[in-house]
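Presented sequentially are two complexes of chain A, the first with chain B as partner and the second with chain C.
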Partner chain A sequence: MKVITANFVTCSVKECKTSPNSFPLHFHDAELEMQELDFQPEFIRNVIPRIDWEGLRVTANELGFPSLPETKPEGEALYDEQTLKDLHRLLLETQVMEGRLICGNCSHEYVIKEGIANFLLPSHLV
Partner chain B sequence: MLPTPDTSHVSFDTIYEPSEDSYLFLDTLSSPPESKWLSERFQNANPMPLVVEAGTGSGVVLAFTAAQSQEIFGRRDILTLGTDVNRNACIATRETVSTAIKEQQKAQDNSNMHAVHVSSLTSDLCSALRPRSVDVLLFNPPYVPSEELPRLPSAEENDPTTSKAMSRSAKFESDSYFLSLTYAGGADGMETTNRLLDALPETLSCRGVAYVLLCKQNRPDEVMERVRSWGGWCAETAGSSGMQAGWEKLVIVRIWREDRSWVGGQH
Partner chain C sequence: MEYMIRLAQCHETFRVPELQSVATAVGVDLEIVSYDEFSPYCIVKLQNDEAARALISRTILAKDISELWGQGTNYDELHADVRKRTSHLWADYHGIPLAFALYGFCGKRSQDKRLEIIRSFAYMGLTGPIQLKNPPLQFIVMEKYVSDSEVNILGASRTKEPRQVFLGRFIAKSCRDAIDKYDLKKRQYISTTSMDAELSLVTANMALAAPGKVFFDPFVGTGSFMVTASHFGALTLGSDIDPRSFRGKDEEKEKGKNIKANFKQYDIESKFLDAFTSDLTNTPLRNAQLLDGIVCDPPYGVREGLRVLGTRDGKVIEPVMIDGVLNYYRPGYIPPKRPYGFEALQRDVLDFAVRSLVPNGRLAMWMPTSNDEAVEFPVPMHPNLEVVAVSVQYFGNWARRLMTYRRLPDGEVSDISKGRSKADERGISADELNRFRRKFFARNYEITSEAKKAAQ
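What follows is the complex of A and B.
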């Protein structure tokens, strides 16, 4: 799964949805793989507005990526090729193949195997 | 006719094989009135739309949407994400979608922007997604009325090592169970669809739109009436096929919020 996924998912437990601690889910023991994808500057420019920047900063930090700018790129910064290339690499080329995503509210763990995360809950949590 | 995505790599032991309902989805989304409606909504709107399919099966519908995003949404840059309760279906979808995107790129000399498939998640409907994040939701449900609704699979049942260790008869039983999840819809064939419908206000963004396939026994007219009764919601028939004794056998219903305040700006 691409790293950008972490920006779109949260804990499957209903009661967690309203807690700010349920986003982003926290990566543990993540094994990463780079899968090359052609660089589309305009695509990255158009994807930035829908990124939760604070959430992405947490994710990038947990995966050992260099710190992202403190604030979301806007205006001219959206045309800085290096910024766009860094984001392209982090969001779209980096795949999490193995590991766990953990909810900061209920501590439930979602296992990632061969790049597929399992968000099905055990019956006592449904 | 736009090309149908290749699913020759998919093993249909536990995964729904693309059928009349799947193809009705492809035809409906790419029909001139529907793609006009979607393009008006998404062509110039920022940010780019997140297109989610719940219960992807082979991934043929999501793959078509990703590869033909220019025809359907009037823009090439869309994000796609698929969910399915069957892990095998997630693996299949990942390949079906990325292959379809690559094939489409080749046909266009690699020169244009293209959709990106975010991931395929093992999940119950949209329960893993952030509230109000989905712009386009596609759902070809298990719609056949059945005495019982099959339970959801556990993580262990989805573990690839479990099925490898099975006897032939145990594997047959497990495969039949997973296949039943693809079609058995419980009472009126609506039990799973009702859960998805009830969650729509929490699932869809303010510009969000859902396409849900229904069969005659699901009573599509009543479903649309129900959605309209929520207040602030619209529902229309977007596509249909297979007349049977004067009735449409299958219909695809489009459901969306009336609110237009987001038009022309951020969602």
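What follows is the complex of A and C.
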């Protein structure tokens, strides 16, 4: 599971969707793998406005990445190659292969196995 | 300027919507001047050759595009039109190596007659040498005869001579070759429900897949839409309630057959985002405008049962501890699922699209219908979505439709008074809930029993 996907998801439990504690889901026991991909600056620029920056800072921190700037890059910073490359590496090239994602609101755990996260719920949480 | 697009004579109701969508995707102004469902020849207005190249470069249901030099119902009319439209252009093409080709639709010419027709354009005075391989200048004479469909459906009578003739200056080929590249027979990882390459590519076009965009398929299966949207440059995300569909069943898994193998095969690994296990009715995606496009072929409940999370009777199964671990955290735990109605699922997809698409983002969704719905077909609608196109593919006793929607920017609403108002029937089993499934099997049962009777 890539970091960008982790930034797009929250807890599957409907009641958690409205709670600020449910996002971002917290990584535990994460095993990372880096995969080199073609650099796609156009994509990063397009997707930055949709990234929850505060959530990304928390995730980067949990995964042991150097701290991100406090505010989301905007305007000219979106054309700075190093900024785009750093984000490309974090969002697209970093994958969590094994581990758990835990909701800060209901404490439900989602397992990541072989890079695939499972967001299905047992019946008492549906 | 007027251009001639030679369309593929198949999937007729998809052809104009695809052209219009590609025009939107590549940012060119397109006006359809003449279109006939029984003919491959479609005349359009475009700004210039560059726009023509951009348009055709990612169109699947067309063969090529030419600048229209003339048209008529016979050769006299054609020659008169060519003189009128292009006599001022002829000098520009002096001395350029060239070739002439002649295509007939539903009709043939002998070699001698072909040469005679080509020579009849001698008045243009083109002095370039003939070069058959990669000619810098190529003219195409196009003939349209009366087709079988026109005879059978329209009651037209056959004629010896073509009913329409055109001359075009060839500009560029389409990307129809991609159909062969993405052919399911050559694909590493597929299943019985994988959508064929041609219509998967068209679906990606309808949703405006393009570089820099995020696309999502909530019923990803073996990822036919993911690879085709990524072929056009989008980065793609998929989910499915059954992870075996995208990561391969045990045996396949060992052989490395899964969605990622397909991305590798097509050399588009950089366009793969993720595949994860989830149920659309309990999606983990945040409520935010995250997606540029949603492409999907929801399970019909015929080959693949239509299921969502929950229990059949709605009763909660209380969690229990086994060896100190909650049962649903133990390896191999499979959450209970219940049959779900198809009409409800479609409404859920529309609601999801409204929540998740960026303004002007698109949803391209397939839907099966039994033939009793063929004449009047109410489309599922949502006030925040505009219906862009509805195209239909007919099979023997059923059809499926591709419905394309645009997420309206906030503040705009569409008229949904003619929208689909069907509800699922009440019940809990797959057959009770799913009218299409029931009809499909009932009809097949009739066919089988008729065949058995006939055999006796």
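FYI, the second predicted complex is superposed on the first by the 126 of 126 C-alpha atoms of A that agree within 3 Å, B and C clash if a C-alpha of one lies under 4 Å from a C-alpha of the other, contacts with A are read in each partner's own complex, and residues count from 1 in each chain.
Quick note on the criterion: contacts are C-beta pairs under 8 Å (C-beta built on N, C-alpha and C of every residue); 3 or more make two chains touch, one makes a residue touch a chain.
None of these values were measured; they are calculated from a predicted model.
Legend: residue contacts after superposition of the two complexes on their common chain; A:109 is shown touching chain C, with no touch to chain B. Looking at the shared chain after the overlay, A:17 reaches both chain B and chain C. By the touch criterion stated above, A:64 is placed in contact with neither chain B nor chain C.
In the superposed pair of complexes, A:124 makes contact with chain C only, with no contact to chain B.
Taken together, the two complexes place residues 1-2, 4-5, 8-12, 14, 17, 23, 37-38, 40, 42-43, 46-47, 50, 92, 110-111, 114-123, 126 of chain A in contact with chain B and also with chain C. Every residue of chain B that touches chain A in the complex is listed here, in rising order: 46-48, 50, 77, 79, 81, 83, 85, 87, 90-91, 94, 110, 113-114, 116-124, 127-131, 133, 152-155, 158-160, 202, 266. Note for the complex: chain A touches chain B at residues 1-2, 4-5, 8-12, 14, 17, 23, 37-38, 40, 42-43, 46-50, 92, 110-111, 113-123, 126.
Listed in rising order, the residues of chain C touching chain A in the complex are 211-214, 235, 237, 239, 241, 243, 247, 269-270, 273-279, 282-290, 292, 309-311, 316-319, 327-329, 333, 335-336, 358. Touching chain C in their complex are the following residues of chain A: 1-2, 4-5, 8-14, 17, 23, 37-38, 40, 42-43, 45-47, 50, 52, 92, 109-111, 114-124, 126.
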